[in-house]
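For reference, chains read A, B, C, D and E in written order, and residue numbers begin at 1 within each chain.
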Amino acid sequence: MEGLGLGYLGAGIGAGLAVIGAGLGIGNVAASAAEGVARQPEATADIRTTMIIAAALIEGVALFGEVICVLLALK
Amino acid sequence: MEGLGLGYLGAGIGAGLAVIGAGLGIGNVAASAAEGVARQPEATADIRTTMIIAAALIEGVALFGEVICVLLALK
Amino acid sequence: MEGLGLGYLGAGIGAGLAVIGAGLGIGNVAASAAEGVARQPEATADIRTTMIIAAALIEGVALFGEVICVLLALK
Amino acid sequence: MEGLGLGYLGAGIGAGLAVIGAGLGIGNVAASAAEGVARQPEATADIRTTMIIAAALIEGVALFGEVICVLLALK
Amino acid sequence: MEGLGLGYLGAGIGAGLAVIGAGLGIGNVAASAAEGVARQPEATADIRTTMIIAAALIEGVALFGEVICVLLALK
């Protein structure tokens, strides 16, 4: 990589920011899911399915972002 | 890429910021959806459909943003 | 692109910031919509239409911003 | 690594940001899980399973991000 | 280490950020666990196990991040 190696800086910061987004997002969903299971244990399956659909969507964007950072890191 | 390689920096930071937006947004929707399912288990299908419509809209913008970052990263 | 390549930096960061705005905005709307559906399941169609109108407006601005970032990235 | 060693800076900051995301996310889930267990002790297994699924998803993204930072640090 | 020694900067900032994440996360879990034990003393064992699982997951990511910072500091 020519230049000052700014891509390496971007890879590191971007990887960290992506984990912040995914962590807070999935954490938020799952916190409500845990509270919901505690309030309505008989709806556990529905709540868990809802949580996993959302978590998978977040996970997809996050992994895409991480792959971009890998591309930058390995350049 | 000519210059100092600032585009690589932008690709990394942008990818991370996009994941923050998508993660917090989808996380917020899904948290309310999980709470709603716990409160009204018989409305699970309606709530989940509402959640998926919104998550798909967020996902669309996020993936568009990630593709821009890929363009910058592979330049 | 002449200069230091600052446009590439702006493209990446701008794309990420646009997703933060769209994600948090649509997420906030849809979270309230999911709660509303849970509280009044018979108003699902009205709530969902309201949500989609708002989400489409947010989506429009976000995609416009992303296109500007694409223009910068492809320069 | 050529340049000013900006990748090392990115590795350190990125590793730290990733821990912030994972820590707050898993912490948020587990806090709600602990409250849920206190409120409905008989749903402990369901709540704990929900928590572990979400924590594993967060952990996966976080470790991926940390590995990117290791790549940068060892370059 | 060639360059300006930015890796040392990254090691220090990263180690600090990692402690922020782990501290707030584990603190959040343990606060809820303490409240839960106070509300339901007979569920102490379940609550404590839930807390320890989550704290161990956070601890794992945090220690990984700290090791990266050690690598940078000893370079």
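Following the convention adopted for this analysis, a contact is a pair of C-beta atoms (placed from the backbone, for glycine too) under 8 Å apart; a residue touches a chain by one contact, two chains touch by 3 or more.
None of the values given here were measured: they were computed from a predicted structure.
Among the remaining chains, those touching chain A and also chain E are D. Superposing chain A on chain B by their CA atoms means rotating through 25 degrees, a value rounded to the nearest 5. Chain centres here are Cα means. That of chain C falls 26 Å from that of chain D. One simple way to say how far apart two chains are is to compare their mean CA positions; for chain B and chain C this gives 9 Å. The distance from the centre of chain C to the centre of chain E, with each centre set as the mean of the Cα atoms, comes to 33 Å. The distance from the centre of chain A to the centre of chain C, with each centre set as the mean of the Cα atoms, comes to 18 Å. In chain B, 1, 3-6, 9-18, 20-29, 31-33, 35, 37, 39, 47, 51, 55, 62, 69 are the positions where the chain touches two or more neighbouring chains simultaneously. Taken together, the chains touch in the following pairs: A-B, A-D, B-C, D-E.
On the chain D side of its complex with chain E, the touching residues are 1, 3-6, 8-35, 37-39, 41, 44, 47-48, 51-52, 55, 59, 62-63, 66, 69-70, 73-74.
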